[in-house]
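Only one structure is covered here, and it is reproduced in the block below.
As written, the chain order gives the labels A, B, C, D and E, with residue 1 at the start of each chain.
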């Protein structure tokens, strides 16, 4: 669907595509939308970043958003809500992300940590107040923990899958905006935080990533290690966008955008700091989407 | 009675005069403090924007790529917003002023409206944002479009226009009204043909000041909800939009992720300040030109 | 409204001959709040005459003249009793539309009060609000009115300039012209020359003499000489009452009331 | 500063006897912008006398008296030439601190201008700024000053009430008391009674007579009777010039200048 | 009326008379206009009612879920997640601290500026300085936010080592700068209204300008000056963008100004930015906080009006 001839609207598409949800996926989707609009001049793609969970609330309502980006898969209660609302939802895995543990550039002691140490740091009950509580040779200074707030899929993934639902420290600094997080960690020597790889990748000059020892020695998060079967697999998670199928059927531009996204997902993923999904996953998604065409 | 010893008074005089001199200097410095901050602020903003303001910046649409990003969308959004705010505040503000000055009987009701208006002037702009969000965006189902934002903004700046118009109307000498009534003109004819034309410069000054306030307001629009990435240009009052200050907000917040966004924010600030400065100059020119006419 | 016609002769102290009565004021009382400004006024105004109203400051001259076109009602605290018959209809009647009244009764104020518009627009204002839109007709009205106010020659080349550029005397004649443009029946003038220099004053006085051929004129003045020069009848007000109302010559040569005599001879006021 | 002492007799028209000169004004000229308000004034003020300054409105009386404590400098456009010797020092000298001068020379204004504070605070203001902090001493100063201004009995029970609760005449005497509280050498009064009723005026006049025992007083007045009642010397100003300066009795009974005579006999002004 | 002046004349009154018969439409408009204007004037009242009602209805729902006392005495605010807690004290301390800092800057500098302009400055200098202040007053708050975040905070951090990258100190100071013109111009108005006679009275006693200012002019203008402070406080409480950008969103309950804190206004921006879905406690909390904010500023405005009305009656 190439809208070269803008006057001929039978060929070109028009209307809007409204996307909200994950802040992690935001850079990916923003880039995608921008590229798409370069080709389809009469379609307006709006991308926001309320966070995965907040995004689902706006997605699963009448006249809700067309897509919801998510850095975790849809929950059962959200599925139930979709059913109640009569919204058919198509999950589209768009890329892979690695939860990256970031520290301040000036932090020269915690460049490598074991997975357990990381869990301990972020678990309230373990009571790690100072860096020296983690390892005796670390400085005797307070640990400052940071992360995205509960609106975010990243938080939920971290809390559910990595911490196994143990409470986070009381004093953890949870933020709505990833940019704020980056800023905070980059300016706080004792900081340690977590978020998606992309935000680290874009800010390598401001932040350091912790190389995580999952048992076989420290692994640096990178587009090579972040794979479903890679060395960083334990902290790797797929990221998604969820499509409102009802909308896709009503509005050709929505379906067209979905197809466009899947066709270009691998390429845009690399540009925005995500590991690309496999060719099989891509093809499966495209097949499903093409099936929605009349 | 000999309590005042002139030699003592003279001796102390030196100290008192010194205190006066020092105080004068301190007051002078305090007065210049504001000016100095203004200078630093402008210097910072201009130097941060150096090299970023060019034709492309003004004429390009928004982009995630700082090199390609432009503020045309925000300019369009600002213009459309004004297209709602200007007539709405004019009608509401001038209408209210006419009612209060020409029709309302002096008394409890009139002073009630008057008090109400001065209280409205003190209501924080976020609260207006909530009003707009609840009433215009949600209850009326407009969504976060120009019309919703514009109406919210119109209510926000209403007191400015009302007060300025009231002053302008009050300044129209009674003898002009008498002359018109004496010709058999009705009240409305008198207001329309004599009072309003004579009060027009004052009213215009107020309206311009109100608009310049509206152009710079951010909070109510953020509360109503403006997408973080909105590339298409708004083409009417029912389109979603962004405006210069909101763009500054997002770029400032995101500058932690992409440093160049700070430059874009600074460049946008320069443009915004130029616009505001021009508007205020026009207001001052009108005010001076028509000051003492009767 | 024929009912009241019979009263006219009865209530007025003056003989009228066979001339038409324009205004007949009958037992008029007026209060500003608690201040009793006009007390039982009875006064008949005759067609095509100049009636002067004189009296010391604060005696109610302006109040009375402003009652004749109900302009006094702009003061919110005003209360009025009695009747004023204009052409045999009571203008104090709620039914009577003030706008109609004021279209028939023009007014010239103490301080010249042109609108901050062009000379042309000042004159055209009245006809326009009364619905005359035709440019040709308006042009004609403007010329005719300015001629009528003896100012045409002075302004004919600058009709579209702002009226504030005129001298005080010219402005006052412009205001008179503005009045003429709706061709009133009566013209009320409240000290029309008190803000003017002697030469301008003279011009206005001449104009008044000219105008009385076509209009009935009621003029308030502080200037005794002026009253005696231009008016046919004179009413002397004091403390809200009409002390004496008679032919101007009578009032000035042979007043019947001591107070009138004191006033016109300059003993107070 | 002894240099100028020799001039005094030369420049003044009046004989001085052996009395001390407080102020000696020598060839004083003053301009407001381009307006020449004082022209070559020469005038000597004698200790413990009341000197009245009279003259028609705008002749420069206030200007002159305000020059004596350099209050006139508050007008930004003022330019002054000449000399005013106060106790033999030239007060127009840049070196001379106005604050010192004003501590020695009190001033009472036309309109009473108490501070919006309590009566007590009004009086205590001067002593306080001059460094007197002791409550006892202040109390005593307040009482003495109020007694000195003949108002103590009227206000002693309400010292801590706002001065604005006093009548105009009381306020003016309060201002005089405020002046006394800094124990000045000279008191300048610019039409101190013109805003007061006759009874208050009388009281202030009596007070002035009382005060001259301790102070030298210069008083501007419009009221010829007042000048003749209370002053020892009188200066008649006209158009910024001193036309005549002499014993009050001489000025009022036997003026040497025609214009003085015209003025005091009410022929103009 | 047939006038007999010889030359042909236009019968204007006849024309007018004729028009009048067809002009009844105008009279209807004439009758409707007061009503229409009344309706327009009522909109400002409706706006207030609208604000109060929207805030109130949702606030009531909020207090059905979160007890009133818990909200106003709770020191913990954690609006998200399963264990959400709604205590408003962290926001209140954030708001009060930022306001206090702002006023600590704005009151002395604003007042001194006012004194300088009204008592010391020559007419010429005033003519230059006042427009400067007006410009300062006209700068949008988002610009101040940018300034606080990109300039003032880094500057402060270079000599306050413990200062967090987002903190309440820097936006507080910048907010103060923003409020200086308001305090200055309102206080100056109050001081200029003090009659000159009072200054002269004091000067004639040998007072220096400083003594006149401090002991006569300022006390006489005090209610106007206080009103300007109160309005400044109200403005600081309601200021949003500066804190939203520069003070972070930590919901700390602390009095340490070097820490990141959140104000009521910034909370509103954060929660609406995350777009709380209608019907959740989080969503209602938005209104409860906004209501608190509204009440605070309303009280301040009423106080300011009361104080300045008293001041006008003084002389």
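In this section, contacts are C-beta pairs under 8 Å (C-beta built on N, C-alpha and C of every residue); 3 or more make two chains touch, one makes a residue touch a chain.
All values reported here derive from a predicted model rather than from experimental measurement.
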Inset, instruction - Return the chains common to the contact lists of chain A and chain D. - result: B, E
Inset, instruction - Sort out for me whether A-B or D-E is joined by the greater number of C-beta contact pairs. - result: D-E
Legend entry - Label of the chain whose CA centroid is most distant from the centroid of chain B: D
Legend entry - Between chain A and chain C, centroid-to-centroid distance (C-alpha), Å: 86
Inset, instruction - Indicate the whole-number Å distance between the mean C-alpha point of chain C and the mean C-alpha point of chain E. - result: 53
Inset, instruction - Mind checking the centre-to-centre distance between chain B and chain E? Centres are C-alpha means, answer in whole Å. - result: 13
Inset, instruction - Would you pick out the residues of chain C that each touch at least 2 other chains? - result: 100, 103-104, 130, 182
Inset, instruction - Going through chain E residue by residue, note those that touch at least 2 other chains and give them in order. - result: 26, 206, 208, 211, 273, 275
Inset, instruction - Mark out which residues of chain B touch at least two other chains, giving numbers and ranges. - result: 9, 16-17, 186, 253, 255
Inset, instruction - Provide the full list of chain pairs in touch. - result: A-B, A-E, B-C, B-D, B-E, C-E, D-E
Inset, instruction - Name, in rising order, each residue of chain C that touches chain B in their complex. - result: 69, 71, 74, 76, 98-104, 106-107, 109, 111, 113-117, 125-126, 128-130, 164, 175, 178-179, 182
Legend entry - Residues of chain D touching chain B in the complex: 97, 99-100, 103-104, 127, 129-132, 137, 140-141, 144-145, 148, 182-183
Legend entry - Touching residues on chain B, where the partner in the complex is chain E: 9, 16-17, 19-20, 23-24, 26-28, 30-31, 33-35, 37-38, 40-41, 44-45, 48, 91-92, 95-96, 98-100, 103-104, 112-113, 115-120, 122-131, 133-135, 138, 155, 158-159, 162, 186-188, 212, 215-219, 222-225, 245, 248-249, 252-253, 255, 262, 265-266, 269, 272-273, 276-277, 280
Legend entry - Complex contacts: residues of chain B adjacent to chain C: 105-106, 173, 175-186, 189, 193-194, 197-198, 293-294
Legend entry - Interfacial residue positions of chain A with respect to chain B in the complex: 16, 26-27, 30-31, 33-34, 37, 44-49, 177-180, 182-183, 186, 199, 202-203
